[in-house]
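Presented below are the structures under discussion, each in the form of structure tokens.
What follows is a pair of complexes built around chain A, which joins chain B in one and chain C in the other.
So, the complex of A and B:
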């Protein structure tokens, strides 16, 4: 299996920047998910790796070989398309054998490998059918089989599950994960579905507006989002983000907004005194970290009125308007019943350790470092440029 | 003791007390007739210009008549068909027509595919210009272009002989006349066929070619194994058009340039048909020949349409 490295990869269409200088290292055997909303450039990025789109700038390396100018067929990468792109005029067997046939593999070998892949994916009964005679799930498996059959250096997958219904998507997700574990395959996987990213990825790379915003394990990107974009993208419902006026003092941070008075002490419990430098902050709390309290409870640092309650079956979501009417809205998530009634006053408590802070201008995460004068910028979201690191061997 | 009570299924909703809306008989009639009313203009044109003449041709084919209203039309039964089918000129005309079809296939299939494939990268305004240029000959009236080609093909001072450095009497030598008719007709229909192939190419999903290139196919393999098979319904359609319409496309050129000659070298079946009817004024033989061609072309069309349906790959 191969390692894929991207260095300063960029693609512009006229004045539009689709992909804006991506540096990324996909380790051998790693399942890396490119996650982002529609139009964030993730499919363009994948197609540049495949060689289907020529980058405006930057390099693509497969196992230390620069393949930026190499045609797709010589990159030793296989791709599963969102539309599956099964050749409609060929049978399942011919579709599976196509990558081998065009490489001049002998018929007997092709037949053997096709049979093996078909058996593995449960397609043996369908080998003589044409794509139009297959269900969505079967087509997806044929597309996967066509990628598997020639044992490529890495797999590129462009939203391969997005055309399946919810139930099939869940089971296929598990199947893909198992396949990855068994083959120890390098996978670069594009999706806009955070569930796919969280469940399958070794690491998640979040893209926004053609830029890499954060790369990390699913737990890292969920527990310590690098920007307000990541905080607002991951999680369902996403993190509550509130504009607050804060006083950053020697003993911690005191944040205030309509219906909110929150102390983030450096050490020990208790309120943080109102002394220090004032600044605006964005405060983030995940819905599941808000705890319902009585409106007058001493630890109810957020106070407001419940505007709606949604029943998710096992859990409930409560939407609360903080302070007076027209104040900011926060969502609370917890096991059903939450014990709140629409229209009633409610208090919300939160563990200060679960509170995230962001800079309102840059949107970047602010880490609280007790004792420091001002919060330092967070860990780098973008990996160091390829040129800064030694390469195993010199490039052509 | 614990009592287990089964939960009853949801009770049906109480019947609505409002009477169901009912449309008047007249409205329902109009509603049912609407699709047929929409079809009526097209059907009327088909009946007037296609089916009625077809029936009249059937009727004419059993008569011996010289088209003069004053002269009598004598019923002769199937004699016209016997004579037409045994006439030596029919065999010759079929041979010439087959030659035209085979000669035109490069202009309706091979060249359009080559041109359309190599012009795929042309985009934007250049594409519009290129399509206009390719399509232009189709817009020239055949008789007008025939007149111009007559000058170009002139054995003494014509541009064709001068450019090629030949001394060919294009329209007087049988083989040369056949070649001239085929090439000029081909020049006429090339743009039309190229547009059809371009449209066919535009209708095939680029994703297949992308998938094939990642799968390891070379550009040539993509063309032969993916693009052309996906284009096959279009190519079958163009073959069908060529077989059915070659004689028709070449008719105005034959009539203007060679009048079917020299000898019968460029007398296609349509030209023969026209000669029967409007040179010999033999309505019966003309109608009989027309019906024979109609039946043969119907069979050819049926075979090719069936083939085309088989070759269409609807991939939703």
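So, the complex of A and C:
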């Protein structure tokens, strides 16, 4: 299996920047998911790796060989397309054998390999059918088989599950993960579905506006989002982001907003400041880290009124308006029943260790350290460096 | 009830239109099969049957030779137009290049320019090239069909881009992709277009008449021989016309399924 490295990869269409200087390293055997909203440049990036789109700038390296100018067929990469792109006039067997025949493999070898892949994917019974006689899931497997049969150095997948229904998607997801483990294949996988990213990826690379925002394991990007974009994109519902006034002291941060008064102590002795010159920050809390309390409970650092409760089956979501009417809204998520009623006052508690702080201008994550709230060290030109930053935070 | 009434009414209209289309063809064959003396009879059924008109046509015309010549011209024109249009449409559909729009408009433009404007320059060119009175002279100036380029390009545009990308990933170059992916996918459209081009070329009268000054090199010119100054000889005229129609019917029968599916699909899109 191959290692893929992207260096300063860039694509512009006229004045529009689709992909803006991406550096990324996909290790041998790694399952890396490119995640982002539609239009963030992830498909363009994948097509540049495939060789289907010529980059404006930058290089693509496969196993340390520069393939930027190499045509797709000689890159030893196979691609699975969102629409599957099966040849409608060919049978399943011919579709599977197509890349082999093009490469001039002998008939017997083609037949043998097609049979093996078909057996592996449960397509043996369907070999004589044409794509239009197959269900969506079967077509998806043929598309996967056509990539597998070549035994390529790496797989490129462009939202391969997005045309399946929810149930089939779940089972296919598991199947893909199992296949990846067994083949130890290098996979570069594009999706806008965070569930696919969280469940299948070894590492997730988040893209926004053509730039790489954060690269890390699913746990890292979820637990320590590098920017407000990542915080707001991952999680369902996403992280609550609140504008607060914060007093930053030597031993902690005191954050205040409508219906919110929160002390975030740092390690070491000393009080969290009560008053002083304040600055604006963005405070983030995941819905599952908010705990429902009585409105007058001493640890209810957020107070507000419940505006709606949604039943998800095993869990409930409660939307609460903080402070007086017209205040900011936060979402609480917890096991059902949450014990709240729309229209009632409610208090919310949170473990200070679960609170994230962001700079309101750059949107960057702020690491809390003893004595200061300061932007995390990172060179602005190299966003991926966010990934290398120590994620540990000092907490009591 | 109204639904059924509507259906019945619709079918009646269709039947009337169908009859109006088929009747002249039926009348041609009916007339050709009457005895030479009965040519002006108006009975619906040609009875008693006679092959006299066919014999007369065969005596005066080299029907087989004419049909063969016409076939060479029609096949040459249709295949040539199809090939040129296929390559041109592929280039226009799959590639972006400098001057693309201009070239495309120029090709479509050839369709808008009346034949009467181009026939004399073409004639002079053929004269200078020494191709007058040859079948090649009939075929060559007709090789580009603007409407065929237009139709094929729009069909090719409807092929999903990912299919062409898949072929590239699988190792096909553009030439291989054209023949192993694009052409098979477009087969119904190509068949429909082939019939259209073939029939047009088969029925062409004026241009062959100009290039092949000696009368009677293609069947349409041969038929003219029965329109004499001393009157029209309807029997052999209809017989020769009936024979001229047969290859077109045969081609349609062979390609019928493809053509129908092309029209049905183009309706669904």
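Operating definition for what follows: the second predicted complex is superposed on the first by the 362 of 396 C-alpha atoms of A that agree within 3 Å, B and C clash if a C-alpha of one lies under 4 Å from a C-alpha of the other, contacts with A are read in each partner's own complex, and residues count from 1 in each chain.
Methods note: a residue touches a chain if its C-beta (ideal position, glycine included) is under 8 Å from a C-beta of that chain, and two chains touch if they have at least 3 such contacts.
As the structure is a prediction and not an experimental result, all values here were calculated from the model.
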{"item": "Superposed partners chain B and chain C on chain A - clash or fit", "value": "clash"}
{"item": "Touching partner for A:60 - first (chain B), second (chain C), both, neither", "value": "neither"}
{"item": "Which superposed partner A:200 touches (first chain B, second chain C, both, neither)", "value": "neither"}
{"item": "First (chain B), second (chain C), both or neither touched by A:130", "value": "first"}
{"item": "A:78 touches, of chain B and chain C: first, second, both or neither?", "value": "both"}
{"item": "Chain B versus chain C as contact partner of A:118, first or second or both or neither", "value": "neither"}
{"item": "Residues of chain A that lie at the interface with chain B and also at the interface with chain C", "value": "47, 50-52, 71-73, 77-79, 81, 83, 85-89, 98-99, 102-103, 146, 150"}
{"item": "Residues of chain A touching chain C in the complex", "value": "47, 50-52, 71-73, 77-79, 81-83, 85-90, 98-99, 102-103, 146, 150"}
{"item": "Contact footprint of chain B on chain A as seen in their complex", "value": "47, 50-52, 71-73, 75, 77-79, 81, 83, 85-89, 98-99, 102-103, 130-132, 146, 150, 156"}
{"item": "Touching residues (chain side chain C, partner chain A) in the complex", "value": "160, 162-163, 165-173, 176, 181, 184-185, 187"}
{"item": "Contacting residues of chain B [partner chain A, same complex]", "value": "205, 207-208, 210-218, 221, 225-226, 229-230, 232, 311, 313-316"}
